[in-house]
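By written order: A, B, C and D. Residues from 1 in each chain.
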Amino acid sequence: MTEATQILAKKFGSTRLKTEMLVAPLSVEDFVVQPVPFVSPPKWHLAHSTWFFEEFILKNIEGYKIYNPEFNYLFNSYYNNVGQRIARDKRGTLTRPSVEEIMVYRRHVSESLLAAINNKKLSENDLSVLELGINHEQQHQELLLTDIKYILGSQPFDPIYGNFEEYSDEGDAVWIKLNEGVYEIGYEGSEFHFDNETNRHKSYLNDFEIRTSLVTNEEYLEFIKSGGYQDFNLWHDEGWTWLDENKITRPLYWKDNLREYYTLEGKKDIHLKAPVTHVNFFEASAYATWCGCRLPTEQEWETACEQFEWGRRWEWTASAYQPYPGYKKIEGAIGEYNGKFMVNQQVLRGGSIATAPGHSRTTYRNFFHSQYRWQYTGIRLAR
Amino acid sequence: MTEATQILAKKFGSTRLKTEMLVAPLSVEDFVVQPVPFVSPPKWHLAHSTWFFEEFILKNIEGYKIYNPEFNYLFNSYYNNVGQRIARDKRGTLTRPSVEEIMVYRRHVSESLLAAINNKKLSENDLSVLELGINHEQQHQELLLTDIKYILGSQPFDPIYGNFEEYSDEGDAVWIKLNEGVYEIGYEGSEFHFDNETNRHKSYLNDFEIRTSLVTNEEYLEFIKSGGYQDFNLWHDEGWTWLDENKITRPLYWKDNLREYYTLEGKKDIHLKAPVTHVNFFEASAYATWCGCRLPTEQEWETACEQFEWGRRWEWTASAYQPYPGYKKIEGAIGEYNGKFMVNQQVLRGGSIATAPGHSRTTYRNFFHSQYRWQYTGIRLAR
Amino acid sequence: MTEATQILAKKFGSTRLKTEMLVAPLSVEDFVVQPVPFVSPPKWHLAHSTWFFEEFILKNIEGYKIYNPEFNYLFNSYYNNVGQRIARDKRGTLTRPSVEEIMVYRRHVSESLLAAINNKKLSENDLSVLELGINHEQQHQELLLTDIKYILGSQPFDPIYGNFEEYSDEGDAVWIKLNEGVYEIGYEGSEFHFDNETNRHKSYLNDFEIRTSLVTNEEYLEFIKSGGYQDFNLWHDEGWTWLDENKITRPLYWKDNLREYYTLEGKKDIHLKAPVTHVNFFEASAYATWCGCRLPTEQEWETACEQFEWGRRWEWTASAYQPYPGYKKIEGAIGEYNGKFMVNQQVLRGGSIATAPGHSRTTYRNFFHSQYRWQYTGIRLAR
Amino acid sequence: MTEATQILAKKFGSTRLKTEMLVAPLSVEDFVVQPVPFVSPPKWHLAHSTWFFEEFILKNIEGYKIYNPEFNYLFNSYYNNVGQRIARDKRGTLTRPSVEEIMVYRRHVSESLLAAINNKKLSENDLSVLELGINHEQQHQELLLTDIKYILGSQPFDPIYGNFEEYSDEGDAVWIKLNEGVYEIGYEGSEFHFDNETNRHKSYLNDFEIRTSLVTNEEYLEFIKSGGYQDFNLWHDEGWTWLDENKITRPLYWKDNLREYYTLEGKKDIHLKAPVTHVNFFEASAYATWCGCRLPTEQEWETACEQFEWGRRWEWTASAYQPYPGYKKIEGAIGEYNGKFMVNQQVLRGGSIATAPGHSRTTYRNFFHSQYRWQYTGIRLAR
């Protein structure tokens, strides 16, 4: 076994363990529910990230017997190439298999995969899918945390998940300036990356300034208090409709009193110096418009990002999620990972406190629909 | 303590215990979900039937301290007089309080109530509400079973709940005849009964015949195979729309092959001599029309019911749920129990294998909307 | 040609003419729209009532050539036996055929039918369907008026339809009393009637009182002002949901100021002594509950109706729309006229200022769903 | 009056006349309906384009009296700064004011505006809004044609609008190649243009090829016949959902037989050499993927467009509709024209046979949501 494979095997083990540690504070009941269609039950994440390794690696290894043929229907997320699946909004109706059975399934797949690695049964392609699978599970670790926050935040009485400090000081607002010119963006190299980060390509940028700190709760409160949620001129047309139909007047998890919010550590006073969080693209844009700025494009972000700290919040960009020049979808099921979502979503850059350490990078392109707020999202300004 | 009170106290204890025995076979996960709005999570039933005793009896007893003031919001079902409540279709989002905490709540209320009885703190009115509460909990025992069947029946793999024989032979079809005349129906007496069973009143009936056995699966299969679900002339207009939009071709829980169905004992061969079950009012009416008969009115049913055995299935009647002559709603929250539902529902008579023994009686009026099928419903013919 | 046939032919002619006079005040634009699914475009009524004669009579007459084979799809209302048809809520998308073309179609069918009568081509059965068709067209005359009121009432500026005095004095409230006993209700005789009025049968009634005048606007205003629309204890559960979701605080067509309403003669001051109008079953029931009364059953109504004047408003009864004892649906398409609607609707008795003179009778059973308000409905009290 | 003003006045007159000529073939009924929310009734377009001149110019001119103060509510489209308005999907409920009254309103506003020009009452800013208003009315001319096609195409019997040849030969497929480098795009100059076309800015493009002819019906038929609508790998995830839910198997207006389609000249044989039309962004992308190509970005399109003929179909680009660098929304109501729509839509370039001659230009940015097909859209390939 090469050293690279050894490292990968170790990373596989630690990632699997990390996932299980994340759900340790939950009661069995917490694992099951789906309060809204876009939130999946924690037990579904546990099973789906396991199924990924079984479906895309173990299944192809001689002698491996599928653990339970029905799981493909239950734990496939959106891979049309892999067959029919339960409707996304019905995941919360599944009480069986139980959390315990899913844990057994996890262990079975983890052990089978480690055995396969040790017995050198994995091809080069298998190893690259293994690395993809590890990164995939890391993405679900973040979704687990944000879905858990949504589930617990939907309970009365603001239950505590555990120690998970979400907020820290942003410090002073400093602007840095970049000059116009041709810049290169996109991934180039031989480390793991997603297909949507390629091809590396040239992009022409105008002069721009970008702020080193994120917008804080204090700043955002000023926006609220000055009537930001009532002034349609600040909003996209679709954002105004969203706000109006849902009677939105503040970020997700903020209490009515504008003094407290729900966190994974329970209800807390709003930390004024911390980055405003759980805002969607519409809110981020409206805030930027209100203060005479704008959101950065993803090209600007990537060009400037070495000059500021990032990784506390996923930062909404002004860029729609679209393919880079020369982008090609991979053949088959793995090709469904990214490419088919490249319409009607916005790119977010950076990472968040819920992102697995080392998972993100400067070329990483996260993406969500403009109305969603349950990720640890934030606002960086440009002008 | 009077003997009547002693009997009531004992019945209270055994009813509470029975409820807990009904949920004993469940996994914790099964307690939480709400696959469709009309099915409540089992843990909600456990808490709601407990809350009923606390809200309507204990709360008024000097010195009793509400267990948790937030539970009123969570476990009130539909009593507007008792304040705001969680939306019915959101019951399945609640993971907290946990099943275990609800069991503790149950024990607390049960013990407090028994103590109050022993200490003679219950007024005459309290005792009558206690009896209502016991009957209320019995109704929720039946809902528990039918909701559990729906939840488990929504899982892949047809999980087994436990020993619960649903089906038995109906025997031969025999018709009995009653002559026209004035009959009395409705409750009269001093035993427990619901307000909707009164006043006892005269009703004029024409000559009619009624069958002693329920329609069997074998008979219903013939209806299916002869194209009953494709012949719009057999159906109410709303029934045809329901069937068409939901692509209905057989009773709930029947498998595609028309040879098996899901039961609380798992998947089984359809028992041909057993009563057809899990049909709604539209299906019951269409079947009756198909074989040249009709459903009995509730007046006919009550008049004839001493001449046949009933209690295996709730029997759809041709009667809409409406007040009897002289019916008066009780003042206050308890008045919301029955009266406000007297529109757009159909009366069912009898009882089912899921009904608590001794709970029903010949004057008992059950009621459901015409499209629902998840109760143990069946078909009795008249002509 | 018999005298009876001559009378029928004359009635046919005058009914057809009356329909056309009803739409004379409309602009072409008014003929086309469908503001809500339950309101049909006036031109649809003109064509559908014509299609009825063509489909059920002319089509069977030797030598008659269908005017336009596509019209069956466009102008069939709900007769499954007669084939596919345009979805009800899409009637308002049809601009073609034009109003003028439909008028030509009307004349063609009217003339063809009169020629067929004169040439003695109509069988006995055809003549009975002709009489049904005339009554059918009269029903659509009433729907035309109420749909026109809805369409014009949806416009800004309260346009005037023409002279159509809707309101008159109810006079004083007088109660009459009937004694308990067996009464006969339902149609018996040889004149035209609908199948739902038969069989005539005995019914046992308790002592009851019924008011000779309808509830007035003045009385209903008192209900509103005393908080009737805010007191859930007065309402059916479904009524309270309807009121809450639609933010209802007053009858249809009443202005915000509770001093004016829209009528076919334009905006007018509310006539205090006139019968309250455009209330649904929920409102009628809530009002009756509020003043310590109830709605009469249809049996009570029919038994008492000779002792009061009726015909100004359709009067909501406490009775659900269900078949009379011995009721049999007619075979074929005509059988779809009444029977398939006998579930989840309420019976209204009497008639209204929009009903064709001579159309209704004491045994006539009108029926609508409990939430609808756009007919000329009113409230008669019983106790 | 300057020569520029004279030219503008003349253009105003001819544009107003052109609009009225476009609706000349309609029956009154055709003016009223709204078969789907995104299609407006023709009479609404006539009134709205008139209201625009009244609201944004005439209203500010001394002595001008608003024609009817209620029209602001009825004919405002989406300008929040100008007050409340009728819900978009309720435009088809308005029968009043009539078509004739709207024509009178048109003439009144046209004459008032021409008089104001002649009397030199228009400021420089007014004149610039006048030019915007003319371009605005031209946009509504195109919408009128596409909405009329949708309305007439929703009728049975494929009615003929009139002479309007939609299809012509595309000729052979030729590819042209552009070299990578920095290119300038966006409007620069002093002629009329929309704010979304600015600022002119540099953009870096890679080598690319683009086809001079649009994809033809013949080519698209091959895509259909080879199973393009059944192969999920060709589609965006949202496109596949759209296709699946709406059971889409061919472009809008194509008949089931894949040999005919509906045109404004009635039903016709599909012209194989003509550009495929009435496809949405999902279909355009899927087709491009199927043949190993892609859609051009709007930067590529603008850079290359002088080398091919454009203007027969609006061409879907791979670019989401987003602001150009330095874009600033105008203050006030006019600022709502473009900027607030810059999310979740795709840019289309070029123009169509329904576009007013001279209206479009090489920098023109049209935009629609990815699911819409009722414009004259087509497909240009890049690679």
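Everything that follows uses one rule, which is that a contact is a pair of C-beta atoms (placed from the backbone, for glycine too) under 8 Å apart; a residue touches a chain by one contact, two chains touch by 3 or more.
Worth saying up front: this structure is predicted, and the values here are computed from it rather than measured.
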Chains in simultaneous contact with chain C and chain D: none
Furthest chain, CA centroid comparison against chain B: D
Geometric centre distance via CA averages, chain C-chain B, whole Å: 37
Euclidean distance of C-alpha centroids - chain A vs chain C, Å: 58
Centre-of-Cα separation between chain B and chain A, whole angstrom: 45
Residues of chain A touching at least two other chains: none
Chain contact topology (line, ring, star, complete or other): ring
Touching pairs - complete list by chain label: A-B, A-D, B-C, C-D
Parts of chain A lying in touch with chain B, wherever the complex brings them together: 27-33, 35, 43, 70, 73-74, 90, 92-96, 98-99, 151-152, 154-157, 159
Contact footprint of chain C on chain B as seen in their complex: 78, 80-81, 180, 182, 201-204, 206, 232-233, 235-240, 281-282, 285, 294, 318-320, 322-323, 325-326, 335-336, 340-344, 346, 370
